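Mind looking over this structure? Questions follow.
Labels run A, B, C, D and E following the written order; every chain starts at residue 1.
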Amino acid sequence: MLLLIVLALAAIGFILGRVRALSSAGGDSRHLHSLPSYYGWNVALWTMVPALLVLLIWLVAQPLLIERSVTQLIPEDSYAGPGELSLIMSDVRRVAEGLDLAVAARQMSADEAAALSDPEGLRGTLGALGVALGSEIEPTTLAAAQRYRVLNATGTMVRNILVIALALAGFALAWMRTNADFRARNTVEKGVLLLLIGAASVAILTTVGIILSLIFNTVEFFRLYPARDFFFGTTWSPSFGGGSELGILPLLWGTLYISFIALAVAVPIGLFAAIYLSEYASPRVRGTVKPALEVLAGIPTIVYGLFALLTVGPLLVNVFGSGGVLGVDWMGGATSVMTAGLVMGIMLIPFVSSLSDDIINAVPQSMRDGSLGLGATKSETIKQVVFPAALPGIVGAILLAASRAIGETMIVVLGAGAAARLSLNPFEAMTTVTAKIVSQLTGDADFASPEALVAFALGMTLFVITLCLNIFALWIVRKYREQYE
Amino acid sequence: MTDATSAGAAPRPARSSSILEQDARTRKRNAAESRFKMYGIAAIGIGIFFLCVLLFAIVRNGIPAFTQTFITAEIALPGDRLDKTGNRDPEEMAKVSTFGYKPVIVDGLVRALEDAGIEIPFEDKADVEKMISAAAPAQVRDTVLANPELVGQTVEFRFLASSRVDGYEKGRVTRGDLARDKNLDAEHLDVVDAMKDAGMLERTFNWDFIFGADASESRPEQAGIGVAMLGSFFMMLVVLALALPIGVAASIYLEEFAPKNRWTDLIEVNISNLAAVPSIVFGILGLAVFIQIAHLPQSAPLVGGLVLTLMTLPTVIISTRASLKAVPPSIRDAALGVGASKMQSTFHHVLPLAMPGILTGTIIGLAQALGETAPLLLIGMVGYIASNYPDGVVSGFMDPNSAMPAQIYEWAKRADPAYYERAWGGIIILLCFLMTMNIIAIILRRRFERRW
Amino acid sequence: MYDSPKAEAKLDQKEIKIAAEGVQVFYGDTHAIKDVNVQIEDKTVTAFIGPSGCGKSTFLRCLNRMNDTIDSCRVEGNIRLDGEDIYDKRVDPVQLRAKVGMVFQKPNPFPKSIYDNIAYGPRIHGLAKNKADLDDIVERALKRGAIWNEVKDRLHAPGTGLSGGQQQRLCIARAVATEPEVLLMDEPCSALDPIATGQVEELIDELRENYSVVIVTHSMQQAARVSQKTAFFHLGNLVEYGETGQIFTKPQDPRTESYITGRIG
Amino acid sequence: MYDSPKAEAKLDQKEIKIAAEGVQVFYGDTHAIKDVNVQIEDKTVTAFIGPSGCGKSTFLRCLNRMNDTIDSCRVEGNIRLDGEDIYDKRVDPVQLRAKVGMVFQKPNPFPKSIYDNIAYGPRIHGLAKNKADLDDIVERALKRGAIWNEVKDRLHAPGTGLSGGQQQRLCIARAVATEPEVLLMDEPCSALDPIATGQVEELIDELRENYSVVIVTHSMQQAARVSQKTAFFHLGNLVEYGETGQIFTKPQDPRTESYITGRIG
Amino acid sequence: ARDQVQVAGSSTVLPYASIVAEAFGENFDFPTPVVESGGSSAGLKRFCEGVGENTIDIANASRAIREKEIKACADAGVTDIIEVRIGYDGIVFASQLNGPEFTAFEPADWFKALAAKVPNEAGEIVANPNMTWADVNADLPAEEILTFIPGTKHGTREVFEEKVLLQGCEDTGAMEAFTASGMSEDDAEAACMAVRTDGKSVDIDGDYTETLARIDSNTNGVGVFGLAFYENNTDKLKVATMSGVEPSTETIASGEYPVSRPLYFYIKKAHIGVIPGLKEFAEFFVSDDIAGPDGPLSNYGLVSDPELAETQAVVADEKTMGNAM
């Protein structure tokens, strides 16, 4: 409701700002600094933004303040700790809401509800209104609920007045400032730029959030388990009874190995597909094949996992296992680095192909003409001119695919197995950091034990490692980036 | 005549004089050319091949989930057992739980079989209950509570057959399999065959699978993906409404406006790093931030959507930036040259040109979000969440719900093989969802795409 | 107003539109423009000539701050438009560029329809009251750009589908459509045939009546034909600046002379 | 061999390098070239002139099948290089383009170093035996492109960092480096200053001793200076073709005359 | 305000909890409780996050809560916890239906087949040399050893190690051999439970469905399953006896079949009376209709608790852990 009023004010502001700007320029928009609609936006933004900001702060602050004051009404001895208090408070809120509902449903008059002080039978009344209460209402709770309602009503009224006043003030201020020389566009654009910066900062906030949500448990883990054993241990064998060995090296090795194989599959296939699509294929072929390949990215990973487990694994065993086609005995079980890597590679194909295709397509035609005019074949043109021009973007696409490979769980669990192992043989079962993070988090171990907490340490370590890799990649891309046109 | 021309050219290399016949080097280069092209075709072939294999497997395993076996029978609803007071007061009648309805159904079914002249070959006639779904008592109870006057009458009901019977109809369960099964015996199958002949049992398309809610482990025949589908839908709304604008805005800032300094480098590294963060870590983050700090409800699609937004943002940003980068600088110059501000040049010219790439990134990001389970695990969207249909937009966002991949993941883990088939059926629906999204994006992409 | 007595003595009739003093431009470490002083008159066509790579384009781009877009580019010194420092903090480069329009060396039409290419500037500057007005502006601009006859039947065909010369004329028309006070042209005719060139030169002549035009050209004939003032650049220095007739007939600097006489075109 | 007795009578000394008969070019539905017959001699510079959009570039691109890259473009008629039909099924356009090199209207250096830009052609055609040989070829090409002095110290700097004129000369040098038999140039000097233009013209003159050069130009002086033969195009038709001197002094067709006399450049 | 009961925890308990939740939703006016999976650890962790609406009400666990966890709970203000044991989960050993005749095992067989190190005849501790089941026990088929056992994340693994490997270790006398070789008691126990890593034994971090898929593609594979899972897949699996006892709800309830583990759920007492339906749900869960020997849980494969009546009393009286024990 309030929101609607503010929005309506903003809309009026938009129109009035426009009109005023136009009239200040004698009706001729050419004498204005900016387009008339910018003046409109300027007024609308001034009306909306401060008012909504205050509204937002108020919405967060009011419950806190009211809660504090209502809490004092609840006798100290009726609760043991802050948790229980919060439960009582939620009861209070529920009763208050129920009373409001009752008034709205004309079960009670407003005065009746306000005067109500005897909780007798109230549970039933409210229950009939769909407000379920766990138990009978205590008189103190009811009193608190009444107080809550009063405070809430006042607070809401003050809030409404303040917000509307602010909106009007912003409106007036912006409207007064509107004249032909006012740089409305610059103001509006500054606003938009702030928005853009805000959007870009979401990434930073997310990172901070991730670090904060991992750090406490990570520290807790290192208190229980020596960091040296974690970082340099070559055995991973958690056990419930304690005495686990939790070395990260085998997991890291598995991660790298599997990602490497996955990329070795996805990058050539994806790149060649992208090149073919953008350089050779007719628009019709491109129009159908590209989205078809994108479907590969959308198939749930569990399907890939099952595909690895049931189809690819046994197939590989038939080729590389004992008694297989090759007559070698490299592969014992169906789960192996190779199985998971191959299947993951298939999943990653569209990551490489779709993005690269767009990027290759954006290389200017004059570049191709230049090469073809020298008598280069199409493939030479692609390899030596188009590809280098598109390289920075392609590296981005590959990095994205690599990131997915590192973060993938389901395929690893089903395709590569759960055994942590340091081995060079790609036909052995291994596992990755990510898979272990998931399994330790969703396991049955004591949540305060190192076996469960290690998930956070693993997450943190992986985070730091990928961060370093990314800094390195950025440095590389910077070094080799070339502008074309 | 060519001799004459080449005689005068001092450094001219030995090159075939006729363009009609290829010299050795050209042949070699052309071979390389066709090889290169073949690689491309092979790459696409491999991709398409695997796509077909996967789709074939999915469809073959999932199609049975779309049909279901039903048993039709007339059931007498005795007043003395369902409404002891005889007041036909629904509140009173609600005291009779589903356990009280079970014998009524068994009796009714036995009578129906006798009426149809079907011999019951096992000793304990109550064993007929093994043929119908455990959902039947609730079905009858709900019908009775909704229409109390039905008590005392004989009403025709259409019950789900139990998963074993259904499996028999679909060829999943054979008589041999039942030898050691305590849920159904081979004799039951004789009854099933007879019922089929008598028209009491039929297999029809199962809309409830598409629109229904999840069911517990003991009655796979009742489970549907509808509610999870809505959960996914609401989550995708959140992701689309947040990830696309935030992602595009962030990319525009970084690519077009940001000064090249430490701060933007930091953002840049951060974004590509976030792309590599395992999705479950986003679940940890979501649990901490959205549920424990912001006090948003648990298991809610809103929270799921927020978490998935954070997860997809890097994908959207990276691909958007790549396509912004690909827009030639001359376009920006042109716009600035006629007095457009940087903002105008970006929004009027650069952004539309970058649209195809942005859409590609968004599709991939959304597809990833649509298929992701791990982060949902931690914010409570995986498990048995059979709330019924959300009754509005707000409850769609706030009420506990699951998501399609979570539902599929759950089903795939469950013990009854009937759930395995449903998991694949769920995947088919998920893919349909995905294809719809893709097609929309492709149509949009077509409208924006051009080579300049 | 300007403390250059010599200049004042010469430029008695025309007002000075742009005055550059001690301009230095650097691309990273490359010193591309070295201490250039020049005063560009209003209602005059000024030609910049000089060998390739001498910094003509660079200097031209300083005049409407187009070089702001090149990160590595740094400008020192003082450039005044109507007496106001265009590198002043308070100056809005966008507004500046609306006043000082630009046509580039390579034709760069927007990937939009021909109509939208022309209408873009007027739209963002709010020059048209309504659709009919806009149609009018577009038609006038295309006529001034000497391309109206070729495109009038396909105003809604993409601008990128035109031939090189047509594209460049489209770009000129686009720049003219926003009614700038100064028009900077970086080799606007290098992709045009003689007839179109003639038409553009006529247009430049027409523009001179109201605006100040600065044109970079490689064709000395063209410079001689269209300009009243000529500036000769060499290796980043402004070697000589003066009346066109004087520069071409009695160059003061030996470098100018050798460039002019050593010419083949 | 050719059924044009008039042409045969004239072209007694030089051999015919390229013979086009009844060439028609369509872009989708647009008829861009209409029934053009022309015979281009070996060891001769042929200039194509005509107003913008008349199809000069289009026809030029037919001569080395560069228009194969434009999907909508369709060529009819018969074009022979040394008597061999270049649109024959058996012809490999790649081999053709190695023999018939091309320089484009807009400079388009590869996003590589200057050295690699030049070395690209020789490398793919296997013209250099070893590194020293390649260095040699690159140096010679850059010298012929009249740009050696400017870039010899930064051979490994990116080619895209050069100024427009430098870029175009780089592109010419790049085309020359592959030693083509015919060199097609689409307004190669439109971005060059007079000195560089002169150098390029000298280069063209030098090339003429061994090769056939076809040049599209807007500058009639340039056409007069460098070419022996001139072809005048108008609205997709080849209006007149003959000795340059004759075309410029005694044009046969009224359209040619009006173009030449109506010229301002 | 939240109005449905929120449950999280062990995925072993999940099927039972979901059956109860479904029936609860059908028979009561309260909304159907939400039962999340995610493992005992994650469930208890969220349980112990604190008291209040944004925390869960019930944690399912396939093991008893640990001391440390109780402490962590208390630190966060979760002090009054009601522990409810709902029954037992049988753990069975099964192989491909048409595969080799793995029909009878002893704990000793498993120890000899899977231990990383075993004492040889001379009493020296050597790496496990056994390659086929016949090497282990002549009565077993001469098939190569290939077992699929729960990964280290699963609680089942702990039960398997203690009730099968450790038992087998003692039965074979290896325990004595280990201590005789100078190991401490603890080390010897650890050695008993150490599983070989040469590929004969494969850890499964996924679910029983994954184990089933592995068995499906390996004729000689033997896997560890839950009883309920086995009973739903008798068309593919055949179960083996352990120490001569066939696993079934009856033999496990009577204690004859040795390998089983108790299942629990934990209720936050502070939430009772605040979250609508919480107490009703808990009571419904342990009622005879549901958790009794003929109830749907038992039908599905839960081994019902012989002491169900006591559990019902605990729930009815809201007896918290400290008071109950």
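Keep this in mind: a residue touches a chain if its C-beta (ideal position, glycine included) is under 8 Å from a C-beta of that chain, and two chains touch if they have at least 3 such contacts.
Which chain is which protein? Per UniProt: A = Phosphate transport system permease protein; B = Phosphate transport system permease protein PstA; C, D = Phosphate import ATP-binding protein PstB.
Treat the numbers as computed from the prediction; the structure is a model and nothing was measured.
Chains touching both chain B and chain E: A.
Of all chains present, the one whose mean CA position sits nearest the global mean of protein CA atoms is A.
Highest inter-chain contact count (C-beta pairs) belongs to A-B. Of all the chains, the one whose CA centre sits at the greatest distance from that of chain D is E.
Averaged C-alpha coordinates give centres for chain A and chain D that are 56 Å from one another. Annotation: 30 Å between the Cα-based centres of chain C and chain D. Put simply, the C-alpha centre of chain A and that of chain C have 49 angstrom between them. Remark: chain C and chain E have CA centroids separated by 83 Å (rounded to whole angstrom).
Within chain C, contacts with two or more other chains are made by residues 94-95, 106, 124-125. In chain B, the residues that reach two or more other chains under the touch definition are 29-30, 33, 287, 329-330, 341, 377-378, 412, 452. In chain E, 11, 37-38, 42, 53 are the positions where the chain touches two or more neighbouring chains simultaneously.
Taken together, the chains touch in the following pairs: A-B, A-C, A-D, A-E, B-C, B-D, B-E, C-D.
Against chain A, in their complex, chain E makes its touches with residues 1, 3, 10-11, 30, 37-42, 44-45, 48, 50-53, 61-63, 66, 68-69, 71-72, 76-79, 146, 151-158, 161, 186, 189-190, 193, 197, 199, 202-206, 210, 213-214, 216-218, 270-279. Those residues of chain B whose C-beta lies close enough to touch chain D in the complex are 1-2, 4-5, 8-13, 15-23, 25-26, 29-30, 33. Partner chain E is touched in their complex by these residues of chain A: 80-84, 86-88, 90-91, 93-94, 97, 131-135, 237-241, 243, 306, 309-310, 313-314, 332-335, 413-414, 417-419, 421, 428-429, 431, 435, 439-449, 451-452. Chain B contributes residues 29-30, 32-33, 36-37, 39-44, 46-48, 50-51, 53-55, 57-58, 245-247, 249-250, 252-254, 257-258, 265-282, 284-285, 287-289, 310, 313-315, 317-319, 321-323, 325-330, 341, 343, 356-357, 360-361, 363-364, 367-368, 370-371, 373-374, 377-378, 405, 408-409, 412, 427, 430-431, 434-435, 438-439, 442, 446, 451-452 to its touches with chain A in the complex.
Those residues of chain D that touch chain C in the shared complex are 49-54, 57, 105-106, 150, 162-166, 169, 187, 190-198, 201, 218-222, 225, 259, 262-265.
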